[in-house]
Amino acid sequence: MSGFDKVVGSYEEAMAGLEDNMTVIAGGFGLCGIPENLIKEIRRRGTRGLTMVSNNCGTDKYGLGILLVDKQIRKMVASYVGENALFEAQMMSGELEVELTPQGTLAEKMRAGGAGIPAFYTATGYGTPVGEGKEVREFNGRHYILEEAIQGDFSIAKAWKADRFGNLVFRKTARNFNPMAVTAGRIAVVEVEEIVEVGALDPDEIHLPGIYVNRLIQGTFEKNIEQRTVRSA
Amino acid sequence: MSGFDKVVGSYEEAMAGLEDNMTVIAGGFGLCGIPENLIKEIRRRGTRGLTMVSNNCGTDKYGLGILLVDKQIRKMVASYVGENALFEAQMMSGELEVELTPQGTLAEKMRAGGAGIPAFYTATGYGTPVGEGKEVREFNGRHYILEEAIQGDFSIAKAWKADRFGNLVFRKTARNFNPMAVTAGRIAVVEVEEIVEVGALDPDEIHLPGIYVNRLIQGTFEKNIEQRTVRSA
Amino acid sequence: MALTREQLAQRVAQEFQDGYYINLGIGIPTLAANYIPEGVEVMLQSENGLLGMGPFPREDEVDPDLINAGKQTVTMARGAALFSSADSFAMIRGGHVDLTVLGAFEVDCQGNIASYMIPGKLIKGMGGAMDLVAGADNIIVTMTHASKHGESKLLRECTLPLTGRGCIKRVLTDLALVDIEDGRFILRERAPGVSVEEIARLTAGELVIPEVVPEMTFR
Amino acid sequence: MALTREQLAQRVAQEFQDGYYINLGIGIPTLAANYIPEGVEVMLQSENGLLGMGPFPREDEVDPDLINAGKQTVTMARGAALFSSADSFAMIRGGHVDLTVLGAFEVDCQGNIASYMIPGKLIKGMGGAMDLVAGADNIIVTMTHASKHGESKLLRECTLPLTGRGCIKRVLTDLALVDIEDGRFILRERAPGVSVEEIARLTAGELVIPEVVPEMTFR
């Protein structure tokens, strides 16, 4: 048995160690490429007081939205939180704290968290509510604000395929925030549609090396669609 | 003819507009994955006073080293400049200015230059000659220095395959600095071993999208090896 | 006559040039993809991680792993590339997208834009809008010139929380095409049948009216 | 007897644990790959952009597109992954590598390391060394304990320009294995046949000598 085999036997094992008041970074955009079953496992565990970092908070029925039912989320860091009535209610009542972060800044904060960059400057948000209280600095005559990296106690992500060493391949726009989320978690848990033998993936086509992955599990996915939009044939 | 067709007809055309005293960012690590023919074209043009940004400066005979013969480089930004007698001579005589930059910081400065990040903090180089004169800042009890992005008037890079839209695929460790170099040049010129039809590359396996590429040319490569190291069969 | 949604989309598309990489916001900007001029090829960037967005899928092509920034199912165009959201916003923030089109609540003559939040109403978030307006050199804002109650949305100073500061240079409304230069609106074109006087009346920020203000034309 | 290069490599390899991702510097650290303990699997990171470095190639396997950070031709191990240098140093700087082994000219009891430059001599550059020492939690420095002239390289304070500040916790020399804690060297092991006194004589920085200092063992 290799020390690089990241596969765990159950979702319970995958999320072992998750405790109240931890910070969890989640991949996914809308309901696309979300770690469905890891989210359900957090629901099952009943962990509370969580700070969730994810571009969206799912819908009332799917994705991170299901963690709102029992008020498991204390604070949400996201760029867009529409399509969710429970979210709205808890935010309005003050039970749920929300930190709105521009989408690109959020992606870069996760990347920075994984890459040992504690902070970076960006023009995004300068002169807006997002820039309030943040350092402003001029480079080449333009204003930028200082943004700090995000790291999580856990990160949860979804990939398409993986080998047992945790080398990951994503599929189409289900990639989105998943690679950065994985890098920014102290314990990175990834669920995939298929686990292949080590050596089966072309090293040039691996999107994220297994070094970032702590636990790996194969699951089945509902893959709900938020806006099923088609054209007539 | 599509506005996205990046293929140019000659190396002369590929480097058209390169002028004295410009900054050029070059991909490659040692002699691996270097834009051999684009470098030769710079040699042929006799452009002078160049600031070259690249991890290494080639050897006496190959790579960026050939630009030293006619003293075309005024300043070199690199992490490692051994294996080059001409380089040493010109540096010692003061004809060649050298800015040593740690390898990872150099890679990140190029990425930042392409990604609209004007500056970032890193622990690399804190308390060393690299950190001298740079802002020091503490995050979570650790010291970091501020490093600024690098951008070039031109960038020159080498990929393995491309489609005519400039979507790039790299091969093995010849990838190295090439993707970031491409993103950080105002005019990004890429030479490849093979140009394939648009649609022939799997969108999930493209390492760098064509949006970053301005000019594309197919060449033949010597691919010299610095340290041919083998084991007995 | 004020422009219809379709006409707004059509006029936006006239700004498309061959070889442009374009990010189109939700709503009217997205509609513009239906009016790409003859002989012009553009590639659409979707900020969740796709360059080269194709049309909506046919029933049998629907793929939950392939959506656009509006979370609609889409397809890929020939020559498309996929990447992470960090790489996508590196592309946007780094100024590599040639044209960005998005909607707004308000724009002012300093080039400020407010588009993501109305205090007191539900806050849904800015998504990628702040990154898009900060990253692009070339932005067209599309919106109605005034509210239903006749209140101008082209202001001396935005009243709503800003999405970006000093980044807007061109606004297309249902009444006019307006540039922003040196702290003033410049009237460039008017909608067919709309008078310069009406536009002036519904523009709260300083408006420069050149001698000739042509009517927009549609093919 | 001072350790040979091979013994140094062997002793370093005893620090390898199953499942470790390891970056080995040029020279003795690279040799350690030949002494990986039984039952232990490690993956070698090469900072130019490869995780899962294999042995040197056979003649017919040589590929100019596949080299290590020392610019030597290499192969890939099973389960290897390739990536850009930016992604490689994100991995290193982000602390994801479990163990880094590299050489040095000097180390001091503050955990400082000097390894890339001797003023007055030709400056070749730091390559990835500064990133490696800044990014890793777990570093082993391998070097000779003293110069040929008997001058200690384990100093109170480094005299050469630093590669990194306060980042070294363990040094393996040809004479001893030494930890650095609270501004002092702690003698952990001695080379077979080398006396504590000799090590103390050749250590310029403050050295703590525990009651028992075992000899290193080699299988």
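The first chain written gets the first letter, and so on, giving A, B, C and D; residue counts start at 1 in each chain.
The working rule: contacts are C-beta pairs under 8 Å (C-beta built on N, C-alpha and C of every residue); 3 or more make two chains touch, one makes a residue touch a chain.
All values reported here derive from a predicted model rather than from experimental measurement.
A.B. asks: Which chains lie in contact with each of subunit B and subunit C?
C.D. replies: Chains touching both subunit B and subunit C: A.
A.B. asks: In terms of C-beta pairs in contact, which of A-C and A-D ranks higher?
C.D. replies: Greater number of contacting C-beta pairs: A-C.
A.B. asks: How big is the gap, in whole Å, between where the Cα atoms of subunit A centre and where those of subunit C centre?
C.D. replies: 29
A.B. asks: Centroid from C-alpha atoms only, then distance subunit A to subunit B, rounded to Å. What do you get?
C.D. replies: The separation of the two C-alpha centroids amounts to 33 Å.
A.B. asks: Using mean CA coordinates as chain centres, what's the subunit A-subunit D distance in Å?
C.D. replies: 35
A.B. asks: What is the distance in Å between the mean C-alpha positions of subunit C and subunit D?
C.D. replies: Centre-to-centre distance between subunit C and subunit D: 55 Å.
A.B. asks: Where does subunit A touch two or more other chains at once, residue-wise?
C.D. replies: Those would be 108, 111, 115-117, 122-123, 170-172, 203-204.
A.B. asks: What are the residue numbers in subunit D that touch two or more other chains?
C.D. replies: 76, 82-83, 89-90, 92-93, 134-135, in rising order.
A.B. asks: What topology does the chain touch graph have (line, ring, star, complete, other)?
C.D. replies: Here the contact pattern is something else, fitting no line, ring, star or complete shape.
A.B. asks: Dump the list of chain pairs that touch, please.
C.D. replies: Chain-chain contacts present: A-B, A-C, A-D, B-C, B-D.
A.B. asks: Give the list of subunit C residues in touch with subunit B in this complex.
C.D. replies: Going through subunit C, the ones touching subunit B are 17-21, 40-41, 43, 45, 51-52, 76, 78-83, 89-97, 134-135.
A.B. asks: Which bits of subunit B are touching subunit A when the two form their complex?
C.D. replies: Where subunit B meets subunit A, its residues are 108, 112, 115-123, 137, 139-140, 142, 144, 148, 169-172, 203-205.
A.B. asks: Contact residues on subunit B for subunit D in the complex?
C.D. replies: 29-33, 55, 78-82, 88, 91, 98, 100, 102-105, 107-108, 110-111, 122-130, 143, 160, 170-180, 207, 223-233
A.B. asks: In the complex of these two chains, what residues of subunit B are touching subunit C?
C.D. replies: 2-4, 111, 113-117, 163, 165, 167, 183, 198-199, 203-204, 206, 209-212
A.B. asks: Quick one: which bits of subunit D touch subunit B in the complex? Just the residue numbers, please.
C.D. replies: Its residues touching subunit B are 46-50, 55-59, 62-68, 70-74, 76, 82-86, 88-90, 92-93, 112, 117, 122-131, 134-135, 161-166.
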